[in-house]
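Let me begin by handing over the structure; questions about it come next.
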């Protein structure tokens, strides 16, 4: 695991230009406020980890980035989130297009109950990315290869995606996300349902993926955050307590709450 | 917190005579083996903590001690568990009577939807422990007092148990368990749903309870295990990796897996 | 070992005894319900299976041209309408000699079904070469004879109150001695419509009436039901309107079925002037009745589709409609079909609302479409159950057996679908 | 629908929708439950032996049937209605109001109204007077006045009768059987009281009120237009009596028996020769305008009036119809063939 | 667009309700134009067969719904007396005691019982149960009418058993395992756990399911049409014949339908009354069940 980051204690890491910036984001579920005035930059081609105790709002915040929160009736987001110089919550932005640029991988692997091929081909199909059948096949194979799954499934692309093992299913979901050629991939606890070996494979995969993609990952395992991320943001009770280079957060946190969390006194 | 234990690195702590001994216990859910050949002694009037990553079988093992696993159809237990010189899985043993000797407190506080009084009186009533009404009242009050709850609820014994706060509910459940005068109390993550203050209260309560009762506690918080227990047993994938005096397990584990777990590398 | 831990302690014994007593209450309760059902089935089977066979009498008939087709036209209608009664009668008289009195001849002729002459007419019309020949034909016995042959007539009882007199019985015995009486499979029961005579009555027109009604019911209720469910589960925001719809649906499910019949009477018949007594209206009424069932079942299926499936599609940039119709609905389809089939099974057994819209008339013709006048299986059962003729008791039970078979088949199909669904997840 | 349109006043205006190009190719018959078994039998035979569809027959009671019949002309109204009594002039007027001027009357045969009970109990022997006393709303109090009917048991009327509750099931006012029973039996019993008989000339309305009104407690139960139902209910309840046509008695001779009335048993012979006191004629009525519009009506009439159907040994006599004698039958047959229209005189 | 279609579909449910209420209310309104509402609601006599023509004397036309209501309630009461213990005990046995194998056999059988058309129950009630009851009665020296409320009620009770048992089964299963665990953990036997913890906790839900069953009993038609009587007796004696609201609707409307007489319109008035009754029960029941579900959501 290579870690290339500055040694700052301040809130923002600026190793590379931010590809996304959130400023003053509040999220409400009905009357309940789940995210309180959070601002965070997501640096390009890096892995940003969101950590914090259960219920602190990590997932909620992550889902702001591709407006997945829109699917929840009671959920209301305010504040400003910029992607490619555009407020993604502006009414001009097409959510569907946005989500094709910002992919998502979920905690529980959720392949469609279709063949492996159709799972990966679904995104390109609905977005009309492939002109010919060959082209589609190409996209599917490249995506599976990038997700490190192709060798394991090349001879059974027509079998149902659900017949794979947990780790393979999660990689299938990653391949599916990659297939629409996004710039950012959001991952919500992608390994929490996996065994240590499958976890290791996915962690390595993320490491190699950050060459091409920007990754934001939610994890409940501090160890995982330490292992894979370059930037870490610590949430508590809906607030962003602290964010910065991963190494400095874990070795020398600025806030007492962060310290308490890392040492296991809270959470 | 007083800790009175020997300084041994071996598997068994023998500060006092064991009140329960498990040897060669296997537990199956259907075909799946959840506990593999586990042997462990429970010393009298001490607190034994069972720790390990999620799904390692802590709860399953705990529930062997009062045969709560009997309530799960698919569950099958083999091996030998001795209590008061008797294999508790022998056909001669009456489960109902056994459970009145070995009480249980659960992760989520589960008061009956009855009054506080009736919650505590439930056990004595079904076991016919009180001859008169006064006697019953006596038992209820003593139990509530022992659970450190009496002062807070003495003026509203007729209100429903569910109207209490989370921490109070959990103490109510402890009082309910105490009311049938058990020798051993099993606790399955009794604080995981509680806030830090309520947790501290219950941890103190356990400490004082061990004068009279033997306690076995499952916890997902290593810190809690370190704080309250005298003996710790570390489980991984259904195996008992290591057990011994709490202090020595945390400072000087004999097994690499224990070390990895404690340092956060697995789980 | 402290003895209080042992099963033998007296206090424990008492508590365990109470437990096993309580368990027995449960077993007895289930036992009562199920034995009632078995008793009901047994009673119906005992009465009904006889109807699958019916008694035939062999008669030697002279197909005399001068009687059948005096003009020699050989026109189909003429052949059908020919006067076959004397032919059958003289055939019978050959076996039972000495019947000459007019009254006796009438009584003798009553041994065969009133429909026998028409039956012969149809046979001759289908095969005019029979004319001029002498053939032994098997013709249906009357219902009374049928019951006697099946042993359902108490010959010990007072002759005065018996429909079959001693003389009739003597005649039947004579026919039996000559091997001219046999029971055979009751094809008519499955191939014809209602009749005033039990031996000529069948369930085909009622069954087709049911079929057409269910068809209409399915075509209306299935799409409406699942689309409503999809709307409520996938699209609708929680607000007063959707709340109103929900409350509405839950309450519609509890409206007595007869009220739906009144709705059909007042709205479909009297207001829209749709044709009375037709499967079209019956099906519409049944559809409104099954709609809530289908919606409620479909919604619970949709709810059980894991959110992760929707998230996955949304996360890829699929629109709401794409997500719903590419992923959610196909996954829910087997479950929604199951719910629909169960709803339809209930509709198949429904009687009361159909009584209200006139599907109770006496209907012989086989309906050929949804606008032909028809009854339905349960209404036919109701009509026959109310007919005092003994022969209809057997038919009623037999029709119930047929209805139950259909219901069980539909339920099995639903169970099969449900099993397939379960395997998937 | 044949229900809602005839919501009284407005129905007059709807007449012009009348015969039109008929979409219907199936004869629609309503009316008397007494005639129902005969009509369905003819309909069934007619359907089997011709290329026409089998007519639809619904049992609505004579009054109900005539009401529907006279509500309008056209597809939505019945072509034929059966009646177990003759059409009343009020009904002819209703028909005329709705544009139905030409009605062909067909006499089917004769019927006796029986008062029957289950064969499980003893046959009753009653007089018209006893029947009246059992059924009337108010009965003479023996002092020249009236009192509400307080006879609970048969023995209250006549100690010789059995000591069981009076429970009589009978048809509702839509029924021709009811009308005929009122005229023949109730009035017959009523007139055995001289002072009531005298009222007939002086105060017709009071006379009617006394003689025609049925009791409304559970001594008399209106059973709807379903004689089968009454027969079945008699089987279920051996104490009860039921009022219905002879045809149903004939069909169910093994389970129900007709009571002796004024010393006469309701038998085929006694009704034919008129010695049974409660006997009447059965009819059906046809809209002449519909003949030729709805296919098969003329042929149905031919079948019904044929000797093999309603003649002396016709198949209807097996169903319990009491046929006319050959001469009367032939006369009605030719009258129907000529489609002679009805005129009440 | 698609959403528009979907909304339109879901409006059918509302239209149906409006249709039901409107059609019943319209005809009932015309009925109450002839017969005062108070006569209908509080009248003690039911004798709807009024004269058809002016030259006829029919019944005086008493349209009191109470005898019908009492008959309906009597039969429903008998049915519930049968169905409640059988249904709840069956549910408890299935939910708590039965082994999965037994459950897999019994449940489909009870579902089958629920799937049998009511016309079949009616046939069985009239043909088999009623005579048995009458014979038993006369054996014991009772006078039992064979159209006694008893026969219809008993059979209807059996019909309701699967209905109650499956609803109660759901309700009992919704009681959190945690409560059971707590009780077992204290050393309670299964029966003690059920009677002292599970059933008390499930009581509101069970009451809700019983109310739903009552509403079904009140609206049930075929069993009573075939097995109950026509005599409008105001009685609580289960051995006597009674009639019900649904029976009268069927009797008034089959065959003869003249829409301008109070007699026919009365059927709609009864139906409106029936609708209000069952909907009221249903709404109360659903409230109770909802509240109960929220408690353990």
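Labels A, B, C, D and E are assigned to the chains in the order they are written; within every chain, residues are numbered from 1.
Just so it is clear, a residue touches a chain if its C-beta (ideal position, glycine included) is under 8 Å from a C-beta of that chain, and two chains touch if they have at least 3 such contacts.
Computed from a predicted model, the values in this text were never measured in an experiment.
Pairwise, the chains sharing the most contacting C-beta pairs are C-E. Averaging Cα coordinates per chain and for the whole protein, the chain whose average falls nearest the overall one is E.
For subunit E, the chain whose average C-alpha position is most distant is A. The rotation that brings the Cα trace of subunit A onto that of subunit B spans 175°, given to the nearest 5.
The mean-CA centres of subunit A and subunit C are about 60 angstrom from one another, to the nearest whole unit.
Centre-to-centre separation between subunit A and subunit B, using Cα means, comes to 39 Å. Separating the CA-averaged centres of subunit B and subunit E is a span of 50 Å. If you average the Cα atoms of subunit A and of subunit D, the two centres end up 85 Å apart. Counting partner chains per residue, subunit D has residues 2-4, 58, 226, 232 touching two or more of them. Shared interface positions of subunit C, i.e. residues touching 2 or more other chains, are given as 15-16, 265-266, 270-271, 360, 386.
Shared interface positions of subunit B, i.e. residues touching 2 or more other chains, are given as 96-98, 101, 126. Chain contact summary for the complex, subunit C toward subunit B: residues 1-2, 4-9, 11-12, 15-16.
Of all residues in subunit C, those touching subunit A in their complex are 237-238, 306, 308-319, 322, 326-327, 331, 424.
Those residues of subunit D whose C-beta lies close enough to touch subunit E in the complex are 2-4, 6-8, 58-61, 63-65, 67-68, 88, 90-91, 169, 172-174, 179, 182, 208-209, 212-214, 216, 218, 221-226, 232-233, 236-237.
If you check the complex, the residues on subunit E that touch subunit C are 2-3, 5-7, 9-14, 16-17, 19-20, 23-24, 26-27, 85-87, 89-90, 92-94, 97, 106, 108-113, 115-124, 126-128, 158, 161-162, 189-192, 194-195, 212, 215-216, 218-222, 225-226, 246, 249-250, 253-255, 257, 259, 267-268, 271, 274-275, 278-279, 281-283, 286.
Considering their complex, residues 45, 47, 49-60, 62, 126, 130-131, 134, 145-147, 229-233, 241, 251, 254-260 of subunit E touch subunit D.
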